[in-house]
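Common to both upcoming complexes is chain A, partnered first by chain B, then by chain C.
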Partner chain A sequence: MSDQGITPPSWPVRTITHVLLIAASVVMLYPLLWMLSASVRPEAEIFDSGSLWPSAIVWDSFVAGWSGLRVSFGQFFLNSLVIAVISVIGNLMACSLAAFTFTRLDFPGRNFWFAMMLGTLMLPYHVTLIPQYVMFLNTGWVDTILPLVGPKFLAADAFFVFLMVQFFRGIPREIDEAAMMDGCSPWRIYWKIMLPLSLPVLATAAIFTFIWTWEDFFGPLIYLTSIGNYTVQLGLRSFIDASSQSSWGALFAMSVLSLLPLFLIFIIFQRMLVEGIATTGMKR
Partner chain B sequence: MTLPTSSAAALELTNICKSYGDVPIIHGIDLAIKPGSFVVFVGPSGCGKSTLLRMIAGLEPITSGDLVIDGQRMNEAPASRRGIAMVFQSYALYPHMDVYQNLSFGLETAKMRKAEIAERVSRAAKILKIEPLLRRKPRQLSGGQRQRVAIGRAIVREPRLFLFDEPLSNLDAELRVQMRVEISNLHRDLGTTMIYVTHDQVEAMTMADQIVVLNGGRVEQTGSPLDLYNYPRNLFVAAFIGSPRMNIFPTSALSEGIAGDFATTHSLGVRPEHLVAGPADVGLGSIAVEVVEHLGDVTILHGRLPNSHHGVTVTLSGQVEIKPGATLPIGVSRSNLHRFDRGGLRINDGAKL
Partner chain C sequence: MSHAARSPLAGYMFLLPWLIGFLGLTLGPTLYSLYLSFTSYNLLSPPVWVGLENYVRLFTADAKFWASMRVTFVFVILSVPLKLSFALAIAILLDRGIRGLPVYRAIFYLPSLLGGSVAIAILWRQIFGRNGVLNLVLAQFGIEGASWISDPRYSLLTLVALAVWQFGSPMIIFLAGLRQIPTDMYEAASMDGASRRRIFFLITLPLLTPVIFFNFVIQTIDAFKAFTPAFIVSNGTGGPANSTLFYTLYLYQEAFGNFRMGYAAALAWVLLVIIALFTAFAFLTSRFWVHYDE
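Up next is the complex of A and B:
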């Protein structure tokens, strides 16, 4: 049996494959590496040299970036973090409850509402943007984080509801039924049985929610107007000023910093993420 | 070792029906179950055994009819308030909880005091011999151990009625026999009413006080194992109970002389173990033996009747020297004959019932 496995390619083929792959990744990584090097080289040199190697390493850009604006960049990080963490909590609670309702409870029009929810997946963000803005303007929520985090508590992210529905469907019904025989209410089944059994999908949803809210530029741009409320992404944009001189060094330095949380999260949760993705779509 | 006997439930089903959408599945079942009895539902696959059990449990709404437990109509009561525990075929243990938590979960849900929970769990664990496993997760258990935990989860709640849905069907033959005995012992010790679904008729015959034979959503017959064996009410039960199954001959397949004796009879049933080689009250002629199975304690012959070539199975006790191709005169004592009319119903003569 083992002899019939795929025979490994000969060494010239292997070498060529590797060279091609390495070349491709260098091409793809070039912008990132360029940004990294731009953040630590003297500012005058940024657009003058195509080389990735800085002539000298200076940290001026980081200092200039962190406190170069009216508000410290630390404040932006804090704002972004608050929004991302609240969004994660909201999405986990609301989407899992919605998914539980769709998979385990019987109510009139269940299939209709499920189809409606899936329908919202097809709606581009930009279609609902203006009505939503008007709505939040009327409630007086503009220039607060509420328009950004509030909808998360109403399971507005249909994608995650769908992901969790898929996962919940893979949990055998008999486990719920056993819990029912044990006297559990639906709420207790959700809390004590479904959630603990759904850690992979919850982790996936948490990580993606964090990444997507952290990266979001459009939402904060629309709803946050005063600089004290800015997120990291809005802060970055503030370095580019049409009327006066843009501080590119600071921009790149802060861009590098803004990537760190994502990078850390990815490294820490990589295994859970992969497991989550593998167990949701294609269970069994 | 005994648990404090929780009261055993009496159960009464009156004209219970179940439809899924427009499709009727259970067609009016009447059944009375005495407190403390062990009742087995048997029947071919798809006949509605699980559906009936789940209606009793409260996991499936009852379309019409009355379900009365201890004198109280329970059709609408939620599962948790019926005082019933159920053991599922797939065990359905909570995968994220260890054995102790699996057992205690239902008690915690009922807000029982910690000390009492611990006491009940350890008592159940002792009875089922799963004490060393209390800190393991279900996935670290063997099939038989999981089965024990599933039963343990049922008994800690001290229900008045136990439901088992084919609990042994995932176990290997040896373990099945062992667990069968253990469940029977448990029933004796607890004295609780138990309803047990199976399609293994050895389980049914050995465990039951009362067997309910279901077919196509109807009760074919209810009675003690020996009643069903000795006096099957119709052809279905006659063929379903007993192994190898009963020989059923249309009287037209028998030779002239015998058929004349049974003018009103449409078919005759004879259990393989009641056929004897050689002379008997009723001779069936010499069969042509086609296959011989030596099981050690018995020898099973498959052959054909003379004239009609109707298939026949004979179980002879002991090890009988006989080769395929031989012929063998067989017969049966008159008291071991089962007679059925044109509609397949049993004809009772004076001697029986």
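Up next is the complex of A and C:
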């Protein structure tokens, strides 16, 4: 741990630092805690109090919210879960295969394609949005999950390819070269050697894919049109339209539920998330 | 290396999924959207070539386009420096070798993780509404707050606040950067009797410039692409009075509200050019202020 200088900070400096950090923590957490308390307090109380402590804990908002729309939130959760899990599988398979190809196989044009891949990292998705939409409209995929999960199986998330390339480069080549000498096929090297050695990066990619897919709003907004196919994020959005001022409680209850999976991931994999961001410079 | 690893056929077999994706989902659509940007296209009938008409209209006759440019640039110019300042300031406090670092780090990172959700945008709508939490708190001090979300003077600022609240991930990157500064540099400096302030400006800050540069570029590009909060807070309208009409929201409205696909493609290409120009500018100017080890 690098401290500023060799001398540890004196106690007044330490105290001031803690005071500042605690004050900042309160500001950061207050909105989240308030929403949590709003979801369990009696509806009438929500607009009366900025306090975090409910006068009583009631679950009415959750009951009202769960079946507040024509389709229950259970369906939305299921849809989100299916999309997120399939996306994770797609990203892990396709991105690791592409990264393996770029780092371990030798073929004419490899550097050219690798440069192309890097080039797509900065490309805003808006540029491909309309042609992709037209394409998926023509294949009849609109209002299915295919436009959302299909591209993952073609390593369309260049970011994760790049992430895995970085990791694979750190695995000593001697290991797979020795295997090749023994007559191992590239496929076996990928499957039996590289992937087992890459569990940390695969886990990082899986967690971030899950989080980003779960939070994604734009993709489902464009591609999912019937309410039975909605994700949690779309369900919440419809809920705002459908509910009047009087059902903020239900809206907050469902909002809290929608954050719950992310919060659990945060608790369980916090270390991995922090390391993932620190070493790869992820934006969120 | 064995024969198989060098055979072109094996290479392309392995590359195939990515290659199909690259050609079919990225390169092809990118070029096709460039073509569409010179057409009028409503999805129902085939695209009609109109030359530069879309671009001419954008720049000369579209008040909403300029409104969205203004909103987006104000958002970028306010949110990115504020977010990075908070990220850096907190990272420096955390790097003082204090107790409880993991707890603080987790607390400050949590908003970054959750912030992209619709739920958070909904929460923001409530906090800054007329009867929202902020006004409840202000009322305790006898201040009557505005209706922040529905007042065009403040609505964009609430979204800036939302972006700044999510300073956690650049903070983690700063923290990692601070850890990499060799301790012996600090030791040498403090041996020479340099004050903390001098050490910060002469050692910490210069050595941190590559990380600042990285965060600056990534966060700026991300801010140009912001969409969900503006959509949720304004119900997809970009209101009140276009005050939250983010560029991407306008693009969405043109494409999927008005089905002007050609026009929206032109908007997308303008965004691409803006981001490319910004990135090029950032890299070109970086050699004047970013300190790289040789």
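The working rule: the second predicted complex is superposed on the first by the 258 of 284 C-alpha atoms of A that agree within 3 Å, B and C clash if a C-alpha of one lies under 4 Å from a C-alpha of the other, contacts with A are read in each partner's own complex, and residues count from 1 in each chain.
The rule we apply is simple: a contact is a pair of C-beta atoms (placed from the backbone, for glycine too) under 8 Å apart; a residue touches a chain by one contact, two chains touch by 3 or more.
The structure displayed is predicted, hence computed values, not measured ones.
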item: Partner chain(s) touched by A:M181 [first = chain B, second = chain C, both, neither]; value: both
item: Contacts of A:I193 with chain B and chain C, given as first, second, both or neither; value: first
item: First, second, both or neither for A:P172, with chain B first and chain C second; value: first
item: Superposition-derived comparison: chain B or chain C, residues of chain A touched; value: C
item: Residues of chain A contacting chain B in one complex and chain C in the other; value: 177, 180-181, 183
item: Sites on chain C touched by chain A in the complex; value: 1-2, 4-8, 10-12, 14-15, 17-22, 24-30, 32-33, 36, 43, 90, 93-98, 100, 104-120, 122-127, 131, 133, 136-137, 140, 165-166, 169, 172-173, 175-176, 178-179, 181, 183, 186-187, 189-190, 196, 199-200, 204, 214-215, 218-219, 221-222, 224-225, 227-228, 231-232, 235, 248, 251-252, 255-256, 261, 264-265, 267-269, 271-272, 275-276, 279
item: Chain A-facing residues of chain B, complex; value: 57-59, 78-80, 84-86, 88, 90, 92-96, 105-106, 109-110, 153, 157
item: Chain A residues within the chain C interface of the complex; value: 1-9, 13-14, 17-18, 20-21, 24-25, 28-29, 31-32, 34-35, 38, 47-50, 94, 97-98, 100-101, 104-108, 110, 113, 116-117, 120, 122-124, 126-135, 137, 151, 153-156, 161, 177, 180-181, 183, 185-186, 190, 211-212, 215, 217-218, 221-222, 232-233, 236-237, 240-241, 248, 251-252, 254-256, 258-259, 262-263, 266, 270, 273-274, 277-279, 281-284
item: Interface residues, chain A side, partner chain B - complex; value: 172, 174-175, 177-184, 188, 192-193, 196-197
